[in-house]
């Protein structure tokens, strides 16, 4: 028996020693993501894990400052409108891909054609849906052609990762990405990690961090454990409660807006007074403070953040006024009636908690709230059910284009995938804005739409959630409004 | 005449009652001897009482939120309050109340699954063992096939598809676990059928349901009871695991496994959120296991004898060591 | 012998067919993968196109025939979630689970067998009673909770082991321990009770009467006889683990095995990947069962393979 | 002076063995004494539960929980097997100088090892033989116990053999190290009658050829008469009569011995009915005071309530019975 004991001890010691050498820190950093990329082809999927990695391997034609302003990247300057549906893009010179292929107008044209090809069936097509064609007009200049006036084409080009024409035809391209970006791909151990190393020939300012390892961990608790154990330098989606427990944290107003879609056509919520009451009843500040520890802003009566195009700074959030809510509900004569609130659990940060908290506020306003939390698939059935709209559906809208169009088409516009109103005026405003190339006029249309929806209280606008990142003590990073994890903007002390 | 008949009946009943009391006393005496069993029985009793009277015992409604008192620590911390003796969770719900109510779900699921699976398994086993022939072949082939299924995976998928809830969890776990009862019942029936008294009953012309219920089932009680209790422990763990994975009990219902899953995100700042429901599961299962091993002991005379011998051996060794020590010290 | 293999294979086929049919029915019955797979804001046209691509618009019996034909070719199609052949994913993840299972159950065996034997030598003694109690405790602690405890203690508090993942040998320690502990507890109890039984057998007396050394009598004569139930349990534990029970441990430690993949596929309604995983699990169970029959035969020559 | 020839090969003195059970302390052996000389066969007879097996298992050191040797001594070649040094000694002699054949050949062999392994492991352990040597010797041994095709047999498992064959294997195993004493604990009880005769014949033959001492435990007096030089009759954990086999059978003294002999069916005498001893065997948890047989004895009187030690009757015969001693006028 003694022999066994000693053997075991030896085994344990050996493993511990091995372990010690195994994860000793290299010079680079480790970033823990919530999900693993399913591919490293930058154009096929709409996938957070893939984007987090490829944002560092590839460059886009345009980019944004950390605050969200558009600026040229591979383009030498901002695109120019040639005629109503043609934009001219001029590229920087002297840039090459990691494998030596030159970056020129042909590469960009190729990339555009690749992503809009119906055969290619890209999930990113919604970003480029207006683009019909592109053609090179010189070595470094090209024209992008749209199916009509498209005011947000520059925003779309901010999504266009440029791929090398030759290498991207390689069947192994999805596992061996080659871009022009500040980091080169090294290895992908599926299920475990992806390694990148600094591109020493990068055309822009040289990044400080020499290498990055991405790990994929779905459980937020496990990610946090890794950060606290010193294994990770950056984790995403840190829970607000933990900002004081991790070495460092960064919070940036993010892209996510939890709202409740109210049924304006039927049920107790058909009455605008009730819809307003439901807005007044909710103490949004308390939700921000209580549930999110202050890491969320009260949404200002619209499905937009201040950094988004179309944001109307004249519209302010409904105040928290429980008495007014009660009064309105009594006026409408629906006191004590049942209102159904639909939500899901585990899909978005604190989704269930928000729903239950809101239900609690509504109850206090004098309604009988029936909360129904569905498993995600079933929840989607309700969200997309065009025939019978539930009284209230909780949803979290996420808008990566930073432009009103996407969210408004989906939730504001009558007939949109998640909209619960049949307001033709509102729909008209949104449609008009869609093809208006004059920025001022377009912005004005959105301002009107925001105001209209606000007055009608088609939604209960809750919060604008901040993205919180947990950082190791040695990592410096200010964060970005567009939630991109650009390693070149990070520094290790 | 009828008077005497009634008297004798009365007497018989009295006798019967007496036997019952006697049996209970005997059990009590057995328990006194087996400390672990005693602890187990006491814990289970406490748990059952707690589950039954949960609404009266629990200081708060387990679903009552209080966003202003989130993640309050237990009372012995500086920031803890008597209002929430074991602290609160991330929504300000009282951990103690949730734990008390959680016992309901665990015990209810355990009992329901054992009864369902046990009932079905026993019926199938009886049919297979008693009817034999094709029925037997069919049932046993079914059992063999289902035993070779990747049970948990199927359970997860079915739960995900039809939507997890208390009922579906019970049904899925029961569907997954009836085979063991079936097998045991069948083999017991086969061996009991050979015994003279069942043969006699058959010769006399008892019909098979009667034979089964009067002669065979009573002999199965003791092994079935032990198996049922062991399965109970397994089911409590399984429910907790399913709920932990998010495919078991769904909020706003409470379950220990669910509470661990929700508390896990906060485990570094609020250890009590994982620890308390986790301990509740462990203690419950441990208590059930203790009772099961005690039951197995007292229901098996051979095992009892062995146990006694072990006990004596232990005592004797002690005595021997004492004598040797004395002898060594003597001169 | 040939007949035995033949019969086991037939039974195995029935099992695999049964499982795949159940999964097929269950996944088509209620789930609508289209909704989940596409982004929230995608249009109805995009949805219809996607449905068509998956063949979900065809009648169910045609889908079934197709499905069966694909299984025969071991081709389940592309995972909806990862967009690559589902079997590729399975073959990538399965070895990780096998590794975890092997280390975890191996560890359990290495510790449990000597422990159980020592306890059995003096039933009722102090060592025995401690062993029994500790095993009962081990049986009672939920695995997921134990795993979390390990993470808090060894990874975050003492920082001696990594929290999650599978990059180095050190990464396997905590998952394997967590995986192995309940097995260890069950195994200790079983080794103990079967060793007590065996040590009371007549042949053990014979062996002692033959003057054989204690270690040989206990460790070879008695242990080999107790081997059958022990191997049965070990085999059952391996089957359990490969048939999905590893999911809890894999979830807690983000171990990239088949269990974690299964739960991710379930969450994403990736019915193709789910089918591939369950099919593989069923095959594993069948294969291990057949393998175990041969092991039994090896341990106990009396068994006839029929 | 050769010490080894002056002392008996095996001497058991006042052996006390108790078993601790839930029901109470079973006094399985209550002061048993006997001895075996070189080349001698001692038969121990008695009803089941009389403590025969316990006495010899004590010799082999096979008493284990819940049983315990609580008194007396066992001397092999004059050396105690029970004292501190004896514990080491017993390990040396067990299986080598003293070997044992058990009652039930079905369970006495390890079912999962081949016959060959089970025989050779004794040889390799005690004689330090190589695998090959041991195998050759094992084949010889199988020949010795009249098993043909030994080469094939060595590779077989116990379940592939008949009961008689297994008992032959057990005997071969017992003979393996050329022991000085073989203890046969009811070696034929579990076998068919025809096989019984063969096995007994084999044992007799081997005993004579190899000049080995044998303790034969049985409840079959016929076997004793046929095989043994001396016989000891046990009742309720004690020896009640011991002496030369022929003499004991010719003129039994103890009423129990008489009863036993009367109860043995004889083929050569036609009896009208089976004779049995009235009453039930005693309960060893609380054995009767004095002579344990007295409750069943038709000659019992007041004296029988006092214990009576084994009293020599001359001719190396001992008996423990008041009546017998008083009634004996020789």
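Which chain is which? They are A, B, C and D, in the order written, and residues in each are numbered from 1.
Simple rule for what comes next: a residue touches a chain if its C-beta (ideal position, glycine included) is under 8 Å from a C-beta of that chain, and two chains touch if they have at least 3 such contacts.
Every value quoted in this text rests on a predicted model; they were computed, and no experiment measured them.
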item	value
Contact-richer chain pair (by C-beta pairs counted) among A-C and C-D	A-C
Identifier of the chain whose CA centre is least distant from the whole-structure CA centre	C
Per Cα centroids, the chain farthest from subunit D	A
Centre distance in Å when subunit A and subunit C are each reduced to the mean of their C-alpha atoms	38
Whole-Å gap separating subunit B and subunit D, where each centre is the average of the chain's CA atoms	50
Centre-to-centre distance between subunit B and subunit A (centres being mean Cα positions), rounded to whole Å	48
Sites on subunit C at which at least two other chains make contact	31, 148, 152, 156, 251, 267, 269
Numbers and ranges of subunit D residues touching at least 2 other chains	none
Residues of subunit B whose C-beta touches two or more other chains	160, 264, 267-268, 309-310, 313
Subunit A residues touching subunit B - in the complex, by the definition given at the top	219-221, 224-225, 228, 239, 241-242, 245, 286-287, 290-291, 345-346, 352-353, 356-357, 360, 371, 373-375, 378
Subunit A residues within the subunit C interface of the complex	1, 4, 8, 15-16, 18-20, 22-23, 38-39, 44-46, 121, 123, 126, 189-193, 215-219, 221-222, 225-226, 228-231, 376-377, 380-381, 383-384, 395, 397-398, 406, 409-410, 417-418
Subunit B to subunit A touching residues, read off their complex	65, 67-68, 70-71, 90-91, 160, 163-164, 246, 250-252, 264-269
Residue ranges of subunit C touching subunit B (in the complex, touch as defined)	11-12, 14-15, 18-19, 22-23, 26-27, 29-31, 122-126, 128, 132-133, 136-137, 139-145, 148-149, 152, 156, 196, 240, 242-245, 247-248, 251, 262-263, 266-267, 269, 274, 277-278, 281-282, 284-286, 289
Interface residues, subunit B side, partner subunit C - complex	36, 144-146, 148-154, 156-158, 160-162, 233, 237, 240-241, 244-245, 247, 257, 260-261, 264, 267-268, 271, 274, 278, 281-286, 289-290, 293, 306-307, 309-311, 313-314, 317
